[in-house]
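Have a look at these structures, which come just after this line.
The two complexes that follow have chain A in common; it is paired with chain B in the first and with chain C in the second.
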Partner chain A sequence: MVEIREMPPFACTLLQASAAVAATLGPAVPAPLTATEEMLWLGPEEWLLLGEPGVPQGPASLVDVSDRYRGLALHGPGAATLLNEGCPLDLADAAFPPGSCTRTVFGKAEVILWRPSAAEWRLLVARSFSPYLLALLHEAQADLTPG
Partner chain B sequence: MLMIDCPWCGARAELEFRHCGEAHLLRPADPATLSDAQWADYLAFRDNARGWARERWRHVHGCGRFFNALRHTQTDRFAATYKPGQAWPEPPA
Partner chain C sequence: MTRLATGGRIDRTRPLRFSFDGRDYTGFAGDTLASALLANGVHLVGRSFKYHRPRGILSAGVEEPNALVEIDRGVGRREPNARATMVPLVEGLVARSQNRWPSLRFDLAALAGLGSAVLGAGFYYKTFLGPGRDAWHKRWEPLIRRMAGLGRAPEAADPDRYGNRYAHAEVLVVGAGPAGIAAALEAAAAGGRVILCDEQAEFGGSLLAEPRAWPQLAADMAALSANPAVTLLPRTTAFSYGLQNFVALAQVLEQPNDLRERLWQVRAQRVVLATGALERPIPFSGNDRPGVMLADAARHYAQRWGVLPGRNVAAVVAHDTGYAATFALQDAGAVIAAVLEMREAAPAALLAEAARRGVRVLANHGVVGTRGGLRISGLLAAPRGADGAPDAARATPIACDLLLMAGGWTPSVHLFSQARGMLRWDAALDAFLPGEAREAVTCVGACAGEGLAPGLPVTQMAAGSARAPKAFIDQQNDVTTRDIALAVREGFRSIEHVKRYTTNGMATDQGKTSNMLGLALVAGELGRSVPEVGLTTFRAPYTPTSFGAFAGRHRGLQFDPVRAAPLHDWAVQQGAVFEPVGQWQRARYFPHAGEEMRAAVDRECLAVRESVGIFDASTLGKIEVVGPDAALFLERCYVNAWQKLGIGRCRYGLLLREDGFIYDDGVVGRLAADRFHVTTTTGGAARVLHMLEDYRQTEFPELHVWLTSTTEHWGVIALQGPRARDVLAPLVAGLDWADFPHMAVAECRVAGIAARLFRVSFSGELGFEVNVPASQAPAVWQALMQAGAAHGITPYGTEAMHVLRAEKGFIIVGQETDGTVTPDDAGLTWLVGKAKPDFIGKRSLTRPEMLRADRRQLVGLRPHDGRNLPDEGAQLIATATSREAEGHVTSAYRSASLGHPIALGLLAGGRARLGDTVFATSLNGAPMALEVVAPCFLDPKGDRLRG
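Take a look at the complex of A and B:
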């Protein structure tokens, strides 16, 4: 059984800068398609910073998007199967190992998906889409539950 | 499901992408010197090839970046995808 939990509100900031400038914020800059505890890679020269950001040394765009997202945490074996009910990505260990991060879709909603550890998955979704996403996930879970 | 190779993210499902029209259109350096017909040609008229076409695509629900693709408009086969500024690939024989 996969546990689906809403994450408490959290601060996050969208960063657009060169990798060299991003590195001046302090935390290690994650490689493409990966995430660290502090930073999610979203695209070339684009990251989402979790928590309060530092001050970049150089040209950068920092936008507070804390009110944009609702976070969901999925935990337990079978989470990848549950996510694949609405997400077209290959989420097998070989294709999406722990540490992976990307923007993708779940149903009709765009989501940021990352995998902090083997059994843990996180989703960020635009807050107006969160009831839709939660409903889809619970329906998928019912579909996957035997009996 | 049709898979498209994003130059940054690798093979992804078609529904993460958006088609953005013909690629390699260059804005005229000095539009004021153009005739109306030339300006209209730049703004509105496209090759709309039946066969291999060079197109702009955007990985809108992924890394967000624009790239170019060589796609067959009848079979939907993608022969190549490449970053902006990279050399044009030739269509397969």
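Take a look at the complex of A and C:
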């Protein structure tokens, strides 16, 4: 009832700048705790750009971190329940609607949790933590009661 | 059989076989182990903790102090101290009694009971002080642990799994009795998520003993379970109530050999506590005999489980509810021998009903004692005297096989109190009730005193009992009324002290049936009121909670993340031996077939010195510092000068704390005017980033500079040795070798992959560190291995890395430093930018203490015997007989390149003592003589770096 899929590698760039400078890059800057297909809000003055970054007009930090993360995609109606095995956030629609994005933890691993749509959840985790995260998720998945 | 032909909530069409102490019995679906044992006429279920007295089933619920059994579900699944009242019966259940030898019915250690007059409160403290030192630890404690103690802990690893679930709810309702169910229905009707949990396998609480309420109960539960916003959690105990309505629940799941338990960590906007109330036992001699039972528990056995726990029933009653229980047993077919009413008189209506039923009520009576061996056979009833004690001289015997105790009710305020709620004493109800709350919490039902009527006050109920022998108040810890009185006589006044001295309420039931009696007795002895005596603290967990529930899935390989660097798999294939460095697994050395560690490390070191070695340095922390003020930011943080560092050049950076002591180190390369590649130690990566981020945000918010961790983005391959350039150069494109001296950095391509190439050395040899995206690191490594084959390229591990750097006198933060080492102590004054106006720790370095000439300074140490190694951590002393430590050995290795052992150490005034002899202490021999030398043992001029 929950499908866990490892995402193919993806290019990404960490952007840190004032919101005004970030806006000069092109894509609409997502509001706090949200993400778009181009840009994930990670924190104050901090975003993860997917794809090729533009040129900022003003002081900014752009750092290629494409190999820092591994991505997991979770599909299925039990995904939020599965995530709550290790993530303490309220993931109900009202609290974490589609489009939400935040940094949080799963067990002892720090993760970026992004919900691109109602049915899909993505976890970005630092590369060396991904075996740990996958093992925990797969064990918990097996114990998820159907329904 | 004592099972009734009809009635109860058990399913008589589903018999279940089980065994207790090797004998086979049959119960029904819906039974607990306790109800099934009683249905088979088994009252004797355990032996007591201290005196090994025979004990039976006192209660029908969570408060059970006696019926603690071992449940055996196979290897690694043996659970000690399970309360038989809380274990749902399943097919094939195997249960055993505990704390008896050779058998439950004949227990030799019960002879201890004969000496119980000398085993009173404080017995251990008073008796086992001698003879000799350590008598307690070496002699008495092991003996007593064999004698006392309850169940056996399982020895094998637990094969079950334990889950975790974080949950959020608008309302969490704890307890599914009538008040809890009503609260859940109300919360569900208001919308929002509702969690209803109950420790029992079945919802209903007290309603489960009210057959008339069952149709409505079924309808209510159907309505709740049909509501998708409601989560129903049976067999789930709310055991801990933390800050901001964070409540921990332990859920026991159905599948016995699969997911065993799940820990729920619930954050609720509002918590409703409907935790009910517990019936109080009554203190009298022999009140612990099997067949003496809480009155309401007996009513539950009859009405919920269709079990008649006795046919000839007596009751001792201090509260009206005792009559309902007595009448219920009579309705189920028992003969009522007598009701001993402890009050002057029962309410007229109850007396009238008793008369109508032909039940004899003896007013103002108490129990002098009970008769019987392994089960009660009778009691002595007597009128209560002026002091409240029954007058033994006027006692009359009454035969019975079950004695009910109705001592009134104690609201379960445990969780409310854990949530820092204030308790208030309600004199009318004679109970502590929830008072001012500190959380968004509501108490409903019996735990709030709702629906409870007053009975005989507990102090009056306990009056006179302090002189009765073997009148137990804490049945699990074998504490009697006399123990409490003795403690008070010996000067204990605080209830917390009385508790610890007597151990009253300190067993696994945490005094659920004993605390109020203990308070009442202390109050009586001191002539104070119960609220004046006070209350002991309620602490989590409410009931014993398994270690498995706390550990969850964090066990075995998932205990902690095991981080593997990009070249980990290759190293595994090569047969590398690994060592943990923080959460990382790093290759320590690469032994050839049959090769010992020492030989492998020597071979790896010599390869680097003579030709070329290759090393996975990916775990080094990496931080990209970017922004127009990047150089200024580093200038303010690190001790070094950065503004003038040229683009494409590197510098060894040193970071201090505010106190001036070394915090971390690492090479920093300047990639552009506004971009630096900072490396940190492997272990320091996270804390250095946090520290720098802290300064960036709080001290220097005006700077345009940002920090990004790139530790995981880059795989790092170190090539070290005189042949390093020969191996690397053919694979490099886009690099001007003519402008690439030692301590240079350039962006180029290596084996076709975009790379950041550093010319740096942690070995003292010509060296390079190739940074490529982590996913590309294995391919680049392979290319370098192929290119190096002609030069005998040798993979080396962290052990050789340590030896190589020690030969050069390079420090490792955390090995040569311990949080008390300044740059000067480490011989690194040359790094400190003297002209800089400030950097983190600068002011501290000018303190007089930091400038003393006799500070412990880094030195090299060369063993006189040329053969043996001093112990790392050994104290350095000036003479072989000195008792004064003047420093310690920080590192010690065999050096194949030098042909003798080497060591580094911190020695008081060390730099002025070159050529002196000092000694290193040894745990297993004479101190070892060492010559103090400069820390750099090899190529002090650094010619090899420029090779």
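The rule we apply is simple: the second predicted complex is superposed on the first by the 144 of 147 C-alpha atoms of A that agree within 3 Å, B and C clash if a C-alpha of one lies under 4 Å from a C-alpha of the other, contacts with A are read in each partner's own complex, and residues count from 1 in each chain.
The rule is short, and it goes like this: contacts are C-beta pairs under 8 Å (C-beta built on N, C-alpha and C of every residue); 3 or more make two chains touch, one makes a residue touch a chain.
Computed from a prediction, not measured in an experiment: that's the story for all the values here.
J.: With both complexes superposed on chain A, which partner does A:L134 reach: first (chain B), second (chain C), both or neither?
T.: neither
J.: Tell me the contact category for A:P59 with respect to chain B and chain C: first, second, both or neither.
T.: In the superposition, A:P59 contacts chain C only.
J.: Have a look at where A:A23 lands relative to chain B and chain C in the superposition and call it first, second, both or neither.
T.: In the superposition, A:A23 contacts neither chain B nor chain C.
J.: Figure out whether A:T104 sits in contact with chain B (first) or chain C (second), or with both, or with neither.
T.: A:T104 sits against chain B, while chain C stays out of touch.
J.: Is A:P88 touching the first partner chain B, the second partner chain C, both, or neither of them?
T.: After superposition on chain A, A:P88 lies in contact with both partners, chain B and chain C.
J.: Just to be sure I read the superposition right, which of the two partners does A:G43 touch: chain B = first, chain C = second, or both, or neither?
T.: In the superposition, A:G43 touches chain B alone.
J.: Given the touch rule stated above, what does A:A119 touch, chain B (first), chain C (second), both, or neither?
T.: neither
J.: Hey, what residues of chain A end up touching chain B and chain C alike?
T.: Shared contact residues on chain A: 88-89.
J.: Provide the residue numbers of chain A that touch chain C in the complex, in ascending order.
T.: 9, 14, 16-17, 45, 59-69, 81, 84-90, 92, 95, 107-109, 126-129, 131-132, 135-136, 139-140, 143
J.: Which residues of chain C touch chain A in the complex?
T.: Those in contact with chain A are residues 161, 163-168, 193, 258-259, 265, 267, 553-554, 557-558, 560-566, 584, 624, 626-628, 704-706, 708-715, 773-776.
J.: Can you check the complex and tell me which residues of chain B touch chain A?
T.: 1, 8-9, 12-13, 15-16, 61-65
J.: Which of the residues in chain A end up touching chain B in this complex?
T.: So the residues of chain A touching chain B come out as 32-33, 42-44, 46, 88-89, 102-105, 110.
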